[in-house]
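Chain nomenclature is as follows: A, B, C and D, assigned in order of appearance, with residue numbering initiated at 1 for each chain independently.
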Amino acid sequence: MQLGVIGLGRMGQIVVDRVLAAGHDVVAFDLEPEAVATAADAGAEPADSILDLLERLGEDKRIWLMVPAGEAVDATLDELEGHLDGDDVVVDGGNSHYEDSVRRAQTCEGAYLDCGTSGGPAGAQLGFSLMVGGPEWAYEALEPAFDAVATGPAGHERMGPAGSGHYVKMVHNGVEYALMQAYGEGFELLHEGRYDLDLEDVASVWNNGAVIRSWLLELCEEAFREEGTDLGTVADRVEGGSTGTWTVQEGLEQEVPLPLIYTALGERFGSRADDGRFSRRLANRLRYGFGRHEVPRRE
Amino acid sequence: MQLGVIGLGRMGQIVVDRVLAAGHDVVAFDLEPEAVATAADAGAEPADSILDLLERLGEDKRIWLMVPAGEAVDATLDELEGHLDGDDVVVDGGNSHYEDSVRRAQTCEGAYLDCGTSGGPAGAQLGFSLMVGGPEWAYEALEPAFDAVATGPAGHERMGPAGSGHYVKMVHNGVEYALMQAYGEGFELLHEGRYDLDLEDVASVWNNGAVIRSWLLELCEEAFREEGTDLGTVADRVEGGSTGTWTVQEGLEQEVPLPLIYTALGERFGSRADDGRFSRRLANRLRYGFGRHEVPRRE
Amino acid sequence: MQLGVIGLGRMGQIVVDRVLAAGHDVVAFDLEPEAVATAADAGAEPADSILDLLERLGEDKRIWLMVPAGEAVDATLDELEGHLDGDDVVVDGGNSHYEDSVRRAQTCEGAYLDCGTSGGPAGAQLGFSLMVGGPEWAYEALEPAFDAVATGPAGHERMGPAGSGHYVKMVHNGVEYALMQAYGEGFELLHEGRYDLDLEDVASVWNNGAVIRSWLLELCEEAFREEGTDLGTVADRVEGGSTGTWTVQEGLEQEVPLPLIYTALGERFGSRADDGRFSRRLANRLRYGFGRHEVPRRE
Amino acid sequence: MQLGVIGLGRMGQIVVDRVLAAGHDVVAFDLEPEAVATAADAGAEPADSILDLLERLGEDKRIWLMVPAGEAVDATLDELEGHLDGDDVVVDGGNSHYEDSVRRAQTCEGAYLDCGTSGGPAGAQLGFSLMVGGPEWAYEALEPAFDAVATGPAGHERMGPAGSGHYVKMVHNGVEYALMQAYGEGFELLHEGRYDLDLEDVASVWNNGAVIRSWLLELCEEAFREEGTDLGTVADRVEGGSTGTWTVQEGLEQEVPLPLIYTALGERFGSRADDGRFSRRLANRLRYGFGRHEVPRRE
């Protein structure tokens, strides 16, 4: 098949490479000419504009967007407007909010597939996990590309109608926050606890047969191997949080309690309180108020 | 009545003052002669040793211990050993663990009352809330003293047998942690939120008729009045935690979930992580592991 | 002063009564004629429509809305449209979302005050706590009414510009959820714990001088007095949650962690899971998966 | 090598089978003669008492205990007392509390290895993850057995001195609780949420390349495949909790907050509240107290 790829950042380039490696044709475009050149070196047909990409694609266009979630997706779709018909298919492989995907599916002239993509840069070798929402026929039309980009046929699945792919990916990320924090609690306790442990050894033996073995635990093992058992100079301010926030918001709307995901998200928020947590500062003053405990002061 | 008071720190001195003000006699002892002199100035009969105090008390001794929880209580009880009989009553007004009180009640030659005391130094004027465990007759024998030390007859109550007074006080303190944190969350959100608010005004208007009005909220109001709406130089490292820890431990034994009390306690623990929270540092390394997000480094 | 009151439910009627008792004039309207008749019996001038109410008010109209948050407020404001000028003042005393209040303040022809009202039906005797947002002059113009409806001058305060009154009330309610849950945890532990306690006695002694004394704790005391120490037939499914949800959502936007408020809200959500919590059911199947623990089955 | 195995339940039998399969000799004992017969059928030398087992082992005895944690371990060690010397090694492969293991290591006449074992019955095929504490020489002496019982040489590791094996296993289990609950939250949201999803498909696509892939997620996939996407008749009352409780207790002692592990444990406790959660029932009465919300009643 022939696939147009718009957006050639780290993830987009992996899509290009894997689709090419599967024997398909790729037409590639990015706002950065250097990224297009890289794709061309890998074997893709370069396009110097979206219009150029559209012209290079034949009938029944299949276009994969790998641009940052948000305005970049809408801007790209605006440029595609007027150039697609009902036999064309657009895939959004980024981390869009599912409600945006529902809206875009309604207005896109072609069929629209929202495709949650998990696996990170490691997917370059292994392939990704793809959660796809949208019309059945469009999903089937893209299967050769999904087979190539995913870990294989088992690595992609149509979840349901428009938005469901990004919806499932949103929840995936919420769970991811909680899993990271769960391992973090365990290793923090081992680090602070009674024994002088080699945490790489702990992670390694757990990864070999223990109930809690996982890919994230393999990444923990790698972290301790590369940074040392005390994590060396790694700092504790944690950025990010948008997909976790979306997950919690959806939990509020569905009235489903998500205390672990919420707590994991809150840890990130709390890590960024540069002036100290106000609630703790108030607690200190209250402890003085009722018990005359000395108030600790900033220097 | 005549009351012996052992332990003349801030709280013990308040006991002396309030019992004297109610027209009773007090014999006072402390390891610090200056503290005894202060009590004597207030009208108490000074004792220069525990044996001396015992001699100055007549038949049917009533002795109030206001010494730090732990070894000091046992050391004092050791000194009383051999000098009490079954008509005497000892009150432990400190923050002892209820299991210690159960044990002490079993071995004390006199009747033993465990008396949880809440209200802090403000109780000097208002009187305290006293939660008492132990034999009914002993509780009744001490009622004149309890009336004086408490806010009045409504400010003390026999909870049940030995240990129940300190047990109820333990739970009181667990709840206190959670209440402080609950107000802290609200004020933190107001402080960080959309409006430029005067938090003293907020606390004041809430204290006048709002559902969440309370003494702790009055202390919040005082805090903002004295420190400013941004709490000035108050730092965010929170000490303490033993009674909260006991409460959570009892929740574990009774299999009663106490997530708010636990979270409030954990905030204190987390505030003391001088090298950064290990779990957050691991999260940063994992975010690099699966997403190649840049790892923040300590300087 | 003369005040028009629209909305004569339980809370609106209290507003009427308290404003009348302070010696002011009230014109009252409700969609239910019986409610208008009740207000008239209390001494208010009855109106049979909003237009009628507007005609009965003189220049510089002051109108207090006490209608359910949401569409009822907008419907009432629609009816007022075209009949107000810049010297008139409308107060929304209901539980509106602060963003709605910001929007309404922008479109209302008169000045608009959003007034968070706390204290519940008990405010009939005590007066309420009123948190007001909007223009300073309008707040001052309404002060006689606020003095009457609140616990007095200390029971109302201008928080800031439009929306700030309902914003502070929203956070108040979030804190309220957490306080209720904090007391609930403590009493649940006492109820399940080691001693056979009279929880009314516990609440009573705490309310007399203890650090955690509060109005909510007085309501706990009342609850145990009226329902018994085991709360009799009271069921455990908890409804409500909108203002708590708003508070958590705002915490997400401001990136302020609110774990206690979130957990308290989640308890309500979880209490309504009629078919059992899915997460627990999955846990049971996983325990079979890795440990061959027997799977409990529904009958 | 020759290994004595005491305790031939499901896990002990797997130990026997795997050690035999690796070409070693096994002497097997259990209080149940049938279990001994099963081991004999598999190729082990049967013993009809612990003394008999000791006699059948040569010099430098290596004995693996696979009996329930607690009194059964102490009872077995009591029987071994007087029959071991410093060249002998005892392995406790059960779920003992690490403090018990420290104590036992001090009193055992032979060397004592505490061995946390993870992997469950699935380890029959795959082998287990073994976390071992105790003297280095004893660990090395048992390596052939560990190689056989574990997934291989990578599946066992000496963590440190006495107790460290069961300590690391304890924390492993705490993390396990939180991971289960994290997946549970995600699937609960998907189950209750906006889309009609096939949760087996979701788990399957996640297990193929997604960041959150893991063995527990494979068990989720199996659960949905075998029970259906709504988990069929699986009930929501979750038993167990001792190792999670130990982990939280250790967090309290080390002052390390473990909110996810705590919350996951609390979910189990809460699932067993047959009469409804007292805290929620109190919340309902309080909502009546301040807001006159109708009190739901049990039928």
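The criterion applied here is as follows: a contact is a pair of C-beta atoms (placed from the backbone, for glycine too) under 8 Å apart; a residue touches a chain by one contact, two chains touch by 3 or more.
These are the chains along with the protein names UniProt gives them: A, B, C, D = 6-phosphogluconate dehydrogenase, NAD(+)-dependent, decarboxylating.
Remember, predicted model here, so these are calculated numbers, not experimental data.
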item	value
Chain separated most widely from chain A, comparing mean CA positions	B
Cα-centroid distance, chain C relative to chain D, in whole angstrom	48
Chain centre separation (chain B, chain C; CA means) in Å	33
Per-residue multi-chain contacts in chain D, two or more chains	119-120, 181, 183, 185, 188, 192, 211, 215-216, 255-259, 263, 267, 270, 290
Contact graph of the chains (line, ring, star, complete, other)	complete
Of all residues in chain A, those that touch chain B in their complex	10, 119-122, 180-181, 183-185, 187-188, 191-192, 215-216, 219-220, 222-223, 227, 231, 233-240, 259, 267-268, 270-271, 276-287, 289-293, 295-298
Residues on chain C engaged by chain A in the complex (per definition of touch)	211, 241, 245, 248-249, 252, 255-259, 262-263, 265-267, 269-270, 272, 290
Residues of chain A defined as touching chain D within the complex	118-120, 123, 126-131, 150-152, 154-157, 159-161, 163-164, 167-168, 171-172, 174-176, 178-179, 181-183, 185-186, 188-190, 192-197, 201-202, 204-217, 247, 250-251, 254-261, 263-264
